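Please find one structure pasted underneath; my questions will follow.
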């Protein structure tokens, strides 16, 4: 028998990770619930003033998405690290960055994508202008994979630590700043009726940059963490 | 060239050389500092708009420059660590982090001290201050990660990766923040570094910048020597060192 | 496999938190030979094995595979080795068969039917059982089944007989002998008494 | 002289900037130096402890 081709290996690992998640269905909803709850807290904290909420809705939704993405990150490599599957992946004959990309894709499909489905509901609850809602979805679609990709570097660096959680946020959040700026401003701009293609193009550029660079950094960091 | 690099990179050799250079660096720094202070505090005329308060830039601007410069040095060390696994680069990287963080903090604090009389508030979301704040977080991440990992050789590789990732992101973060700033506040905010600065103001600034750079090398050597002793305390050269004293 | 297949350890040193685990270690292993690494707890057995896999970097020295450093070979070397460490490296949520399929997908599949492999480690009945329902010994056997389904020359085994009973130990010893007869190589640690022919067995004691 | 110290009314801001800078630069130089000396002494003690 022959070794799997690279794309076959990629798809195999992606499917394996999805299978694993569906056999642990209980955890599937957690990041989404977190996302919804954080957003619910804002009207409670600052008062349910429609104009104010509509004004800050893009910011709230994006900050909540950012936190949800960050908190769910730990599960990308955690179980593989604990049961020894990760060292077997590192010793695989396939290039590690490709395998990392497969795992991050799977992770995004189960944590990032649900946010996309929930966002219109939340946008409506916060009274966001309907012109802005399409752009909101677009920014989440392009932006959350970037968060997963950058975040995976941080997880890989801290996976071996007993108290990795806090330090992970310290490492990852500053790197999320550009995505946050451009995504929130695109939604703002769309609400005010401006052309937001520059912001969307920037987000796309971030996506391409992080797809091509971050898997290398993540696999280097995983190698470091396993040694 | 490579041989020299290799020899310079050996811990005992660097330890000795750094010890020899330290006094000279100290003297150079002292002279530059006196010149810079004289130039900045006395020789340079007061700014026609900001009055005497502009003299804070002789601390603020060199500190801000150094905060970026030190991070570049760290990222360079990161590449050397990943590619050549050189011990000295590990020591330089981690010794640089607190110094760089200090410069960043100094830039932030002096920016705030300058902003109070100028803007009437201790903090405004000015592009440079915001970037410096994020840079400070990046430094704290490096320091935090290094101290969280017990095995120092593994910790060095971890911060090497982090520094490289950080340096790729710094320009992106910087321009994002700049862009965000013009979007929300308009370009009316007075900037420190005006393109047309008086020569009598500029020269002391450059002297101070040079003094800070020399200071960085001096503080770096000092703290590298301590770090080398700590890491290599069981090696032969350290034992010989304590024997000869 | 030709006779040229050779694993060389050159002047290897490993230092952990100031403590020298081993220093200037040199030896070589040819096809058909087995290296048994011995030593008390904390003498660096696991570290040596992990350095051999390339997961861990040595503080000094080099590992050569057919004369080429493994740090240069990476994927070409990984294709030649199989590692079973302290952790079983199997997913509890997946069934035995799914786990073995994953092993094949990530490595170089051997010409062995997965059912036959399960039969060989006496797990045939459990093919569709999730691993979470298996006992510790059964999980260990499943972990060792990776040696059969992914083709490799060098087996690196860290305490392979943990939680195994006498009977399964004996059957794995037969499997190891088979591998050596096919000019394979084994590097392993074990607290258990190994009942294998001494003729092609090398011993390395790290506590000395 | 007092005019110089007064800094055109900005004395608090200017001098606290320079003071802070002096403090931070001094700390970054002094702390590693002290550590270095402590390590040297520790080594000496260890050497004499095991050597004889």
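Each chain carries a letter (A, B, C and D) given by its place in the written order, and its residues are counted from 1.
As a convention for this text, a residue touches a chain if its C-beta (ideal position, glycine included) is under 8 Å from a C-beta of that chain, and two chains touch if they have at least 3 such contacts.
This structure is a prediction, so every number in the text was calculated from the model and none was measured.
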Open item on the list: Taking each chain's centre as the mean of its C-alpha atoms, which one ends up farthest from the centre of chain A?
Closed with: D
TODO: Please list the single chain whose C-alpha centre lies closest to the global protein C-alpha centre.
DONE: A
Open item on the list: Roughly how far is chain B from chain D, centre to centre by C-alpha average, rounded to an integer in Å?
Closed with: 16
Open item on the list: So the centre of each chain is just the mean of its C-alpha atoms; given that, what is the distance between chain A and chain C in Å?
Closed with: 37
Open item on the list: I'd like the Å distance between the centres of chain A and chain D, where a centre is the mean of that chain's Cα atoms.
Closed with: 44
- [ ] Calculate how many whole Å lie between the centre of chain A and the centre of chain B, each centre taken as the average of the chain's C-alpha atoms.
- [x] 32
TODO: Please list all residues of chain B that touch 2 or more other chains.
DONE: 233
Task: Residues of chain A whose C-beta touches two or more other chains - done: 227
- [ ] Could you list which residues of chain C touch at least two other chains?
- [x] 57
Task: Sites on chain D touched by chain B in the complex - done: 4, 7-10, 13-14, 16-18, 20-21, 24-25, 27-29, 31-33, 35-36, 39-40, 42-44, 46-47
Task: Touch list for chain B against partner chain A, complex - done: 82, 134, 137-138, 140-141, 144-145, 148-149, 154, 157-158, 161-162, 164-166, 168-169, 172-173, 176-177, 179-180, 183
Task: Parts of chain C lying in touch with chain A, wherever the complex brings them together - done: 50, 53-57, 75, 78-79, 81, 83, 85-94, 98, 102-111, 130, 146
- [ ] Please name which positions on chain B make contact with chain D in the complex.
- [x] 41-42, 46, 51-53, 55-56, 59-60, 63, 95, 98-99, 102, 105-106, 109-110, 113-114, 116-117, 215, 218-219, 222-223, 225-226, 229-230, 233, 238-239, 241-243, 245
Open item on the list: Using the touch definition from the top, list the residues of chain C that touch chain B in their complex.
Closed with: 16-18, 57, 59
